[in-house]
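These are the structures, in structure tokens.
Same chain, two partners: chain A is paired with chain B first, then with chain C.
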Partner chain A sequence: MTGYLIRRLWHALLVVFGVTIVVFIMLHLLPGGPARAILGVRATPAAIAAFDHANGYDRPLFAQYGFWVGHLATGQLGYSYKLNQSVAALIADRLPKTVLLVGLANLFALVFAVPLGLLQARRRNSALDYSVTGIAFVFYSMPLFWLSLLLVIVFSIDVRWFPPEAPQGNLAQVLTAPGGLVLPVAALTLITIALFSRYMRSSAIDSLTQDYIRTAQAKGLGDAKLLRRHVLRNSLLPTITLIGLTLPVVVSGALLVESVFNFPGMGLLFWNAAQAQDYAVLLACTVVVGVATAIGSLLADLLYMVVDPRIRTA
Partner chain B sequence: MPGRRYRGLTVLAVAAALAASVAGCTKAASPGAGPTGKPVTGGNVTFAESPGTPPNYIFPLDALQYFSTNNINQFQYLMWRPLYWIGDGSSITLSESRSLARPPVYSHGNTVVTINLKPYKWPDGKPVTSRDVVFWINLLTANKLNWGEYAPGFFPDDVTKVTAPTLSQVVLTLNGAVNQQWFTQSELTQLTPLPQHAWDKTSVSGKVGNYDTTTAGARAVYKFLDSQSRDLGSYATNPLWQVVDGPWRLASFSPSGLAKFVPNKAYSGPVKPKIASFAEVPFTSEAAEYNALRAGQLTYGYIPATDIAQKSLIVGQGYQVQPWYLWSMNIVPINFNNPTVGPLFRQLYVRATMQSLIDQKQYVKAILKGYGAVENGPVPTLPATPYLTPALRNGPYAYSVTRARSLLREHGWTVPPNGTSTCAKPGTAAGQCGAGIARGAQLSFTIAYAAGVTSIGQEMQAWKSALSLVGIRLNLAQQPAGNIFSTMTPCSPHSAACKWQMSYWGTGWEFAPDYYPSGEVAFSTAAIGNWGSYTNPVMDSKIKATTTKNGLGVFHDWADFATQQLPMLFMPLSPVQISAIRGNLSGALPQPSAGLAITPENWYFTGHT
Partner chain C sequence: MADPTQAAAPGLAAPVVPAAAGAGEPGGARRFASVAAVFFENRLAIIGLVVVVAMFAFCFLGPLFYHTDQVHTDLNQVTLPPGTGHPLGTDDTGYDELGRLMAGGQTSLTVGLAAAIIATFFGGIWGAVSGYAGGIVDSVMMRVVDVLLSIPTLFLLLFMAAIFRPSRPMLIILIAGVSWLITSRLVRSETLTLKVREYVQAARVMGGSSRYNLFRHVLPNAIGTIAVNVTFQVADAILLLAAMSYLGLGVPPPQTDWGGMLSQGVDYIFAGYWWLIYPPGLAIVVTVVAFNFIGDALRDSLESRLQVNQ
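What follows is the complex of A and B.
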């Protein structure tokens, strides 16, 4: 087990390293350069030269990469001249808010989707199953942006139950007015429930056809116990995979929701940095998302072992 | 010295477009208070910032990357007033009442400028003196390369001596005679007195001294103040930033851009704030702003261009809706040094042909929904000013496909009814294509235009279609604005940087804080804003005259020449936003065109706040 973990961590490190190299090269292939993109069209050649020198952009590419990795190793993620803040401060401000938003949405989605999927599988081809499937399809196919706007129009403009935007400020300030989180979390949750419940239903249907389920039924096990003890655990593998894949999203943000609900998180940070060629922010965000992807994949594998002893002993 | 800043482009405009279609499904809210009623003191105003452009630099000596409307005109100016204020309502004139000094006095053949300060005070009771003006000049001179407005040869390079004979007088000796109006409106407007008695130090705990009087000391002071300005979280609590001479002081600030101002009780200007507080609210997208506007959360917001069909809903909510125009020109820079299309652009008839196929009137009507104005040359047409001439108003190259086709044929081009025009008569004589254009050459151009703004894309499509009528191919390349700015650079013909051909980002160039709309930075040979490397000795001479000789005649002579010569192509002016202002907020209209510099001290509520 320990050896497996070390092996996986080593692989994850290699993946992150490879991602940084690819992103670094791709960023530097962009036409122009960061100096003019950041300093603007009035920048004199002297100002551009000074900016490039100060930030090491006048060095060879491999030297720039080495310089950046060296700083990364010491926890220095660089400075965003566009936003006039250190990248570490920006991520420290945005990441907790994004984790709160997307994390809450995923949590609620799991809480609702897993039982819903099980119930649908158990009542397969019933009116309930068709109804839930229909609703799930509606949400699953609905653009997130569209759903967000509908929620705002109904609950903020028409009935005025919730504000149309999340509270401004840091995480603590956001938490002082939780009402502002209701709509953005709801928008993400509704879409995610649809996704998770479909996977759960499909997986549970497979489980319900297995011999051990028939055996359990033949022994007189009740429906609730059957689902909880035998179907749930054996049907969770696809959902665990999804959860693992979701972790990068938890840290990379939900661009559209952040955009509609005025909730500046990691998604918008990355998007705006891409528009402005803000190299420092782009590279740092890539590393954060790369690490989260590797961790998510690792966590999914570990959860497989917890859920399915066959994988543990394989 | 036209210091032209670009405004941030709208992000996620697709979001706004979708918002329009959804919002149309809802019913209008009940109207708010109307514009009539007794003025009341107090009330809080919430003002929507443009998406993705929150203020993020407080020290009013802005480096290039922070030199923007959101940092200067709508943030720093509330706390630190420039020496000379341009703008009275939407007009572009010197506002003597808002300026910190009396009108400058020119002497010695317009080579010496005397500035007499008015009796303004800092909050600690100390007067705003000539030392504060000299402090700013010293900091600038030692750090000019960092300054967003710096253009070689102009302020402070054109000032040879600065003296302060008395506490209320500053005398500038210049390196040559200047046009008084140009120097006042384009150079003196850049000066902002800073509290030397509080800021002339090099560390938080250091004592205030006269460090700015040496270059090394001025650099150390600048470095310290710049470092303080990098701590966004401390803007409202750092004692440095509370020493203000403007009508407002910062009460709270979040790094995301939420800025709340309260009146500066010690403000010595003529108009004291009447509202209790003024908050600038950041938004991640136009859709988010529009949601907040529809929910009634904003006093002063805007209707995104893509939602303008919803105007009646907003009016129904009790808002006044007005377009807000920036004192700017909307341009399409073209690269005269591009090895492929440079020879074509160097022919005036080619530029004239392309300009003649921009149907500006139709763009304003159909694409900008009536909110806009035709711009034929380098002088803004809105608001109306004495700078405009008949040629600027009417344009020598009004839309005409017939004229465009004739221009090409008269210069040796074969223009088929359908297909691509080709050069049939190469050569430099009359009736021939011109230097560097070979037989069979085609008129094919690539323009990089800003992504994410619907109206820009529509203008480009319309232009492409019109150009095709005379056999000119326009290849459209949509890009982030940052990419456009990073590639649009002056270049030598065979350098790798010279691949760009044409650029368009839709918001043009702003005449602020140098408001005199002359062309020395954009159109003079080798000027920093002359990205396309246009060069013409006659143009240089006429531009020089606008900065050195008094009188509007000199200006008109240059403006007409530039309009006829087309050193860049011109597109219609569009509003920076369609503002929605609560009906019970008075004093906010007309909106200031000069730098979009808001003056909330003039605002007050009538009726319910």
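What follows is the complex of A and C.
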């Protein structure tokens, strides 16, 4: 177990290091160099020199990287002149809300996809199995923003059940208006279920063919109990890894959902920054989202380790 | 000791090489026939293929029969509901919506196809080199993939689109640039199983260079995985382009794609202009589902080919 743990942590560390390298390269791809891109085209040479000196861009490349990572590590993520706020404050406000959105979507996706997969595996090649597969296929092939729009058309225009816009404000304010969370979370959950369900189905089919299932059936265990006690537990495990693997896809989806519902999270911040070419925000958000995703995947794998005795005791 | 081995190596390898070379053409044809047979047994695959061909015909041949002006705006004709002269109505700048679907489809399909082919080509080579080289080269190359995969695709794409002005060729490169990662993982694992096969070992013992082995023996045998991958990639690339256009970083006007049409339609969602929202959305879903059907069937047919051979 320690060996696995160390390998997994080392891998996560490498990925985080790699993310900083990628963003550092992007920093140098910025049109006109970082100073001109962040200060604007009309910045005076003196202002640019001062900016370069303050951020270490007048040093050799290696020193620049060290300086930059040092800044990142101490939470100095730059300043957005377009929003007139420090990027760290912006991200501190936005990140928890995106974590909430992605977390809820993953949670609900599990709650629905797992029983659905079990049911499909149990009734394999039935009309039910085919129709669930077909529906999942359509959701999987649907642009997420279009799905979100359809939800708005149906649930906030045709029947006025839920507002078309997500609640604004900080995390606490968002949580006090759960009605506005329903549609964004539903859109992201539906796509995530489509991502999970095929995997869940085949994982449950695998479990169903195991010897211990036959043994349990032979000793007369009822169907419901069999599924709950034996199949569910054993097919849940790989699903936890699946969360880690699909996390980047779901976070990408969150960006689209946030842009449709005006949900004040990282994705919306990033999208607005991309439109306004606010590079300070883009750079910092890419690092934070990349690192957060790597940590999320790590947590999923650690959870897997805790839950699966085969790895825990190995 | 050295003599018998040297004598044995060509002796062992000699029958292998002509056999492999001789079996290449007819075996390939037979294999293709059996793959095709399984593929065409799959009803969904045929539906997928028909839909894709029809979609291409609609977008590329359609404008030859159905002439519309997709360059000049006409503010006397904005947001007309479907009716005579405009079977699907007009959008908010007076473009005929049906003609726009064709023009937008051309962008979606060409960008999707081109990005998928470039991504699969590059990812295939990256994965094959990584898997074949092994050791430190493999670890470094795969860590690069891990890193890029851990930054969510859309964030990477939006960032690049904010730096480089999006145009059709630029979008192809950007989308290919974030799509090759999964391909490279798939081809790498395929390469790992292929490189230990006897015929690859034999070719190596006979002094075939790494590049020769890679391009002559490993990659051609991974072609099944690659072909399946490219169809899924087209589907994903069309969705990615739609997302980019929806976010306002797609092709510049007056060009458009299905996602761009949707993003225009969104402004009129409360006005009830359904003809601006359903047709482009359905076009995306139908096309993407069709490509996924084809990919699924291809994968199945290649698998059952393996079962028959064993």
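Methods note: the second predicted complex is superposed on the first by the 239 of 314 C-alpha atoms of A that agree within 3 Å, B and C clash if a C-alpha of one lies under 4 Å from a C-alpha of the other, contacts with A are read in each partner's own complex, and residues count from 1 in each chain.
Methods note: a contact is a pair of C-beta atoms (placed from the backbone, for glycine too) under 8 Å apart; a residue touches a chain by one contact, two chains touch by 3 or more.
This structure is a prediction, so every number in the text was calculated from the model and none was measured.
A.B. asks: Tell me the contact category for A:Ala54 with respect to chain B and chain C: first, second, both or neither.
C.D. replies: A:Ala54 contacts neither chain B nor chain C.
A.B. asks: A:Leu144 contacts which: chain B (first), chain C (second), both, neither?
C.D. replies: Only chain C is touched by A:Leu144; chain B is not.
A.B. asks: What is the contact status of A:Val111 with respect to chain B (first) and chain C (second): first, second, both, or neither?
C.D. replies: neither
A.B. asks: After lining up the shared chain so the two structures overlap, which partner does A:Leu83 touch, if you call chain B first and chain C second: first, second, both or neither?
C.D. replies: first
A.B. asks: Applying the document's definition of touch, where does A:Pro31 land relative to chain B and chain C: first, second, both, or neither?
C.D. replies: Touch status of A:Pro31: both partners.
A.B. asks: Could you say whether A:Phe270 touches chain B, chain C, both of them, or neither, answering first, second, both or neither?
C.D. replies: Touch partner of A:Phe270: chain C, not chain B.
A.B. asks: Is A:Val251 contacted by the first partner chain B, the second partner chain C, both or neither?
C.D. replies: Second partner only, chain C.
A.B. asks: Considering only the touch criterion stated at the top, classify A:Thr293 as touching first (chain B), second (chain C), both, or neither.
C.D. replies: In the superposed model, A:Thr293 contacts chain C only, not chain B.
A.B. asks: After the superposition on A, what does A:Val15 contact: first (chain B), second (chain C), both or neither?
C.D. replies: second
A.B. asks: For chain A, what residues appear in both contact lists, the one with chain B and the one with chain C?
C.D. replies: Touching chain B and chain C on chain A: residues 30-31, 143, 145-146, 149-150, 152-153, 157, 256, 259, 271, 274-275, 277.
A.B. asks: Help me check something: in the complex, which residues belonging to chain B touch chain A?
C.D. replies: Contacts found on chain B: 3-6, 11-12, 15, 18-19, 22-23, 25-27, 29, 52, 56-57, 64-67, 145-146, 148-152, 229-230, 232, 254-256, 258, 281-285, 287-289, 291-292, 294-295, 297, 480-483, 485-489, 499, 521, 528-529, 531.
A.B. asks: Which of the residues in chain C come into contact with chain A in the complex?
C.D. replies: Residues in contact with chain A: 143-144, 146-156, 158-159, 161-163, 235, 239, 242-243, 246-249, 259, 262, 266, 269-270, 277, 281, 284-285, 288-289, 292.
A.B. asks: Given the complex with chain C, which residues does chain A contribute to the contact?
C.D. replies: 11, 14-15, 18-19, 21-22, 26, 29-31, 137-138, 140-146, 149-150, 152-153, 157, 248-249, 251-252, 255-256, 259, 267, 270-271, 273-275, 277, 279, 282, 285-286, 289-290, 293-294, 297
A.B. asks: Along chain A, where are the residues that touch chain B in the complex?
C.D. replies: 30-44, 46-47, 50, 81-85, 89, 93, 143, 145-146, 149-150, 152-153, 156-158, 160, 163-165, 168-170, 173, 256, 258-264, 268, 271-272, 274-277
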